[in-house]
Amino acid sequence: MNLRRLPLYVTIAIFVLAFLLCWLQFPRILSTRVVGNLLTDNAYLGIAAVGMTLVILSGGIDLSVGSVIAFSGVFIAVLLRDTGMHPLAAFALLLMVTTAFGAAQGALIHGLAMPAFIVTLAGMFLARGIAYLLTLDSIPIDHPFFETLQRAYWLMPGKGRFTLLGAVMLLAVAGGMLLAHRTRFGTNVFALGGGEATARMMGVPIGQTTVLIYAFSGFMAGLAGIVFAVYTAAGYPLATVGVELNAIAAVVIGGTLLSGGSGTVLGTLFGVLTMGLIQTYIVFDGTLSSWWTKIVIGLLLFLFIVLQKGLLTIGAARRAA
Amino acid sequence: VGFSQIGSESGWRAAETTVTQQEAEARGIDLQFSDAQQKQENQIAAVRSFVAQGVDAILLAPVVATGWDAVLEEAKEAEIPVVLLDRMVDSDPSLYLTAVGSDLVHEGEVAGQWLAEQVGEEPCRVVELQGTTGSSPAIDRAQGFRNGIEGHANIEIVQSQTGDFTRAQGKTVMEAFLQAENGGADICALYAHNDDMAVGAIQAIKEAGLKPGEDILVVSIDAVPDIFQAMAAGEANATVELTPNMAGPAFDALQAYWDNGTEPEKFIQTESKLYTQADDPQGEYDRRKGLGY
Amino acid sequence: MLLHARGLTKRFPGTVALDNVEFGLAAGEVHALLGENGAGKSTLIKCLTGAYRRDGGEILLDGRAVDPQSTAHAQELGIGTVYQEVNLLPNLTVAENLTLGRQPRRLGLVSRRAMRSLAREMLDGYGLSIDVDRDLGAYSVAVQQIIAIARAVHLSGKVLILDEPTASLDAREVALLFDVVRGLRERGLGIVFVSHFLDQVFAISDRITVLRNGRHVATTEAASLDRVRLINLMLGRELAEETSHNHGRREAGAELLRAEGLGRRGRITPFDLTIRSGEVIGMAGLLGSGRTETAEVLFGATAPDSGTVRDAKGPLDLSTPARAIAAGFGFAPEDRKTDGIIGDLTVRENIALALQAHRGWARPIPRAEQRRMADEYIRRLDIRTPGAEKPVGLLSGGNQQKVILARWLAMNPRFLILDEPTRGIDVGAHAEVLRLINEMVSSGMSLLVISSELEELVAVSDRVIVVRDRRHVAELAGQAITTEAIVNAIAAPEAKQEARA
Amino acid sequence: MNGTGLLRRVAPQLLTLAAVLALVTVFFPSFLSVGLSGDRLVGSPIDVLKRGAPVALLAIGMTLVIATRGIDLSVGAIMAICGASAAFAVDQGWSLGVAVLLALGAGLLCGLWNGFLVAVLGIQPIVATLILMVAGRGIAQLITEGQILTFSDAGFAFLGSGAVLGLPVPAWAWILAGIVVGLVVRRTALGLLIESVGVNLRASRLAGVNSTVLLLTVYMISGLCAALAGLIVTGDIRGADANNAGLWLELDAILAVAIGGTSLLGGRFSILASLIGAMIIQSINTGILLAGFPPEFNLVIKAILVLLILMLQSPRLGDVAAGLLARRRRADETGAAPRPVQEAGR
């Protein structure tokens, strides 16, 4: 076993363990409904987190994700309201816009040697600000094509729904896995995360890679925006505040090192599912007041991270021995 | 019954949660509470979980109007009645049992009409503290107020900024307004989209050496306890009530529906009552204090 | 000329690293580039390969002007380089490091299998038996060095540049490397070779270019030069005296420390070690044999899980470096880039750091005092820097090493561990370090010196510990310390324990 | 750092501040006027000094945390916790002194917790502090039971909106805190050790730096600064608003540190520059309010200004411009030199 895979296994193990514990308390949690919900409700987060994984693997960070998702919804809603465009055309246009937005962030980060945290923080303000300029209202989308997308699901035994949105997320994860682990670009991303100066000396095209990474994250955020727009059938400039932090947390819980250079895309999927599980558990519990909800989420987060850390340390020690 | 609450972003919201819990307890209803922390995505997930859990009914205080079709359909398929609290959704009315709430635009109108009456023909420069940019109360209450003062050319909204529904921002923004309007001498009235911002603004006015309630009229919406205290001290002039007891009518409607399938009306409107300094503010304060505002 | 640089100039704030330098490399030759620490060798190489943007001059490849913008560009031009600091990525696997940028693909996706076999092929002939799928970071500096060389060789279509490739290699590995280099020379490549090991330089080079203070001093046939002339060219002055053997010069002092059963599972087998005051203990062994681990356990860098260390007053707490320092220990680590220097801080701050940490944050060393200390050590160790306020990361490799030595000298510890103290240090400084070691010892300090250079160990040590396979296998003392004896102890499975004099 | 060195270090920030102030004055001409109302100074500059206090205070602690290559996302939540604790204490009828001590204690405790996760458990700072960022607001609400806990203690209110010698108390708070912390880190060896740990943790440990204690200290200072900020915003509105106090202020604080030129990768830091950064941000905020744009423009304006500022401060900007120029010049000289033929791959 390669040591670098250990965090992934630990993440999966923790998720399974947590699911079992939840199941002991609420037997209903082990139903296709809950599993279906877990995939559907976290689809946009999962997609955004795949983009975030690549960014973090390269040693960067992208805080603009949540705002870009909100912008995407508004953009699509406004386009569909004001023009006769087909949603697919709107999607394509949007993906171009968000990809360009991401690329621009990457170009600034590389070209002016500014920290990613700050550039994308400004990007976060900018994307949401533009969403405000487009509309202040929440705009409903009632296009028949949207209903088709929303209704596209496979009814699993036990009434659970495996929706198109969930499928898109799984595809995005698969695509992310290929990109990160099986392409030259992916290796360059890891190289960048291992040390920019060294990567440069080894001949990695730093600038091009950086721009591509953030463009990819922008693309994924756009895709997440589309999924979110389908999910809610609306565009709302105030939506998905703070999603970037959830995405970062999911990536880290998924075993990716925040300082870059080490991690897996598959782990991110389990990070997302773990966060979703925490949410589900709290709703199932249903007795927590607002504040206890926050405290318990924090505690569970803490528990996951410490457990992960502990298992990793033990694993590493065992291997060294 | 599952209750998906928006969050606990304001005192009013906290009071609504408390009152809902009290009402449920009084009726012997087992309430599953879920706090969405101001996020629609969390609310949708919560409603889905309620459906998966198989609750008997769902109370939903939607954070936005749009985007509920799919999940409401799911609830409908599972034959779980949904009652909306205090805010509306854009979906087809067949997807929910009923909605309990006040009319946000109407609240703004009441406030605007009060001001129009109050100043008569005098010219009046109004500053407006808006709610969170893009939120439906902010949009509707702004609109309503403009409706209310329509036809009174002497009343002019000269400054309008968001105070995010919070006390601190209310105070900060009011300070800027005072700066911008000649130290406040040019301001005749303040309209705040909620009481919390008004309370913050009142402090700013006092610190600028002016008398709120006299030099600058203060009108706001919600009727939380602290604004009554200010009214009692003569520092605020009027507030429009938004009752936190949305759950009472909702449970009544649900009960009737469970008992004999009575379909309630699609919209149960609560009253938007105007309170002024003449309405025993101290008494109102004492009455509301314990409600968890 | 295959590669020709004319009038190359490179300025850094406060330094002219290269001043109008001329350098020509012919096809089919090994061209040594020599000079003291900070002479500008690495800078010249970085300018040639696009890692730095030069301030003036031109570069001709095959008679055509080229302008490498980046190392990637240089690679495309057929110039493969091993930079002085091992420049590979510890978080990638060995195979990924070797093939980065050129991974074999199938249908657009990297083919792991083809990548693995390409990597193995590239490592062929270097005598490594390693798993190319493991992270590079799991291997020692030496192994990484070899991998870096293999990568550069693979990339070099025309020119191979090696900046101190042998610093962390042992004799056998150097021999293997030279075989590879000779093979490439046969094939008509031009090879630039930088080293401070003059024997190696004479063994492999056809021509030699000497730089001094950023200026070109001379280029001559290697055969026409002898050691002394070469050293004079590099230093621009006569080297004072060659250090000599010290056998029997020192009286063993009283027992200072005694380690019993000290060890850590998976790192180093428990060992006993007695250290007397005013003596130098040398430590020899192959790469990866566990010498660094011994040092780290002694210094608390990795907490031991068995054994004790005591001095005359009783047991010592060595659980963290800070405690070890409090007990009068010091440790100059082998990997100075990651374990030694604080790159962004100044020379002054780096020198004062250990002393300051020891005094605690509330008792700052006055700035004037820091300055005085820094200036003194810059002078005493001949640290080449424009001033004490230069960030240490910008100094040349050898000078960084001296700064770390200065840090510990400022502490005046009773027991100092030096892990490869002369690695990457030029002849002048080399003699200087050895002189320093003698000086420290005569002032009563005890030292543990880890080195891959056996002559050096023989020259300075009162006793030599030989380490193999993570255990201490032999101890030599007095007249028994000879290179042959050490080599025998390293090689012979049943080392003669009776060498204990 | 001596006087001129310090001035050189903060010159870009000072210039930026001047530029922002000039810009705002264009839109709102009386921006720079300061008057005397009673015994206190009034005017927009005073407002900036006062309103900028929370971010400035947070930026002090954040600078140190970032210098150790960390980040503290929880400061906004800590503000809420500390404000709530103090309001709770006053509400219980305890004395103001007790309330303040309680708040500061709570801040220290929160910092200790963060520091423990980072320094002892070795959790990545952004995640470690994310935990308290999420849970902290819940804790604050637990204390206030979800209400806005109001009080009428004049002394406490004075902390938020009083004035001493004409200057608002919050302005005094950050200025004094900045001076104290600045002196402590620069007159002792704390600053050096923090920078050393931030640049190279491993090498610092091997040089005997007790990084664990140092990290704990730094996060505790950050907690303490957040506690002060929490006291100020709570005193200012005479109530503890657990849900909104300090919301998203951590981002502004980080921004202030970045504008102040401290690298987010740790190492060299300057508290003074961060404080100027905080004032730059506050000037933008106040300027937007005064200029009277519709609120939906706020974010876009702020984003563009921030980007502009960072771009102008970027050391690379000069390089890039020079590079472009040089390339053009070289092309001119050699008559558009052909790019070298690229070697075919091997």
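Chains here go by letter, A, B, C and D, matching the order in which they are written, and residues are numbered from 1 within each.
The criterion applied here is as follows: a residue touches a chain if its C-beta (ideal position, glycine included) is under 8 Å from a C-beta of that chain, and two chains touch if they have at least 3 such contacts.
A quick map from chain label to UniProt name: A = Sugar ABC transporter permease YjfF; C = Sugar ABC transporter ATP-binding protein; D = ABC transporter permease.
Note that the coordinates shown come from a computational prediction; the quantities given were computed from them, not determined experimentally.
Visitor: If you tally the C-beta contacts for C-D and for A-D, which one comes out higher?
Guide: Most C-beta pairs in contact, of the two: A-D.
Visitor: How many angstrom lie between the CA centroids of subunit B and subunit C, rounded to a whole number?
Guide: 71
Visitor: How big is the gap, in whole Å, between where the Cα atoms of subunit C centre and where those of subunit D (ABC transporter permease) centre?
Guide: 42
Visitor: Between subunit A and subunit D (ABC transporter permease), what's the gap in Å when you average each chain's C-alpha atoms?
Guide: Each chain's C-alpha centroid was found; their separation is 28 Å.
Visitor: Based only on mean CA positions, could you tell me how far subunit B sits from subunit D (ABC transporter permease) in angstrom?
Guide: Spacing between the chain centres: roughly 34 Å.
Visitor: Where in subunit A do residues touch at least two different other chains?
Guide: Residue numbers touching two or more other chains: 132, 136, 289-291, 293-294.
Visitor: For subunit D (ABC transporter permease), jot down the residues that touch at least 2 other chains.
Guide: Residues 141, 146, 296, 298 of subunit D (ABC transporter permease) touch two or more partner chains.
Visitor: Which positions in subunit C are in touch with at least two other chains?
Guide: Subunit C, residues with two or more chain partners: 155.
Visitor: Looking at which chains touch which, would you call it a line, ring, star, complete or other?
Guide: Topology of the interface graph: other, matching no listed pattern.
Visitor: Which chains are in touch, pair by pair?
Guide: By the stated definition, chains touch in these pairs: A-B, A-C, A-D, B-D, C-D.
Visitor: Flag every residue of subunit C that touches subunit D (ABC transporter permease) in the complex, lowest number first.
Guide: Going by the criterion above, the answer is residues 61, 64-67, 76-78, 102, 155, 157-158, 299, 301, 320-322, 325-326, 331, 333, 338-345, 349, 352-354, 356-365, 407.
Visitor: For the complex, which residues does subunit A have touching subunit C?
Guide: Contacts found on subunit A: 2-4, 178, 182-184, 186-188, 190-191, 193-195, 198-205, 261-262, 320-321.
Visitor: Which stretch or stretches of subunit C touch subunit A in the complex?
Guide: Interface residues on the subunit C side: 51, 70-72, 74-75, 83, 87-92, 96-97, 100-101, 103, 105, 108-110, 133-135, 138, 151, 155, 265-267.
Visitor: With touch defined as at the start, can you tell me which subunit D (ABC transporter permease) residues reach subunit B in the complex?
Guide: Residue list for subunit D (ABC transporter permease) touching subunit B: 28, 37-38, 42-44, 47, 51, 141, 145-148, 150, 161, 233, 236-239, 241, 243-245, 247, 286, 289-290, 292, 294-296, 298.
Visitor: Going by the contact rule at the top, pick out the subunit B residues touching subunit D (ABC transporter permease) in the complex.
Guide: It is residues 7-11, 14, 17-18, 130, 133-134, 159-162, 164, 166-169, 171-173, 175-177, 179-180, 183, 196, 199-200, 203, 207-209, 226, 292-293 of subunit B that touch subunit D (ABC transporter permease).
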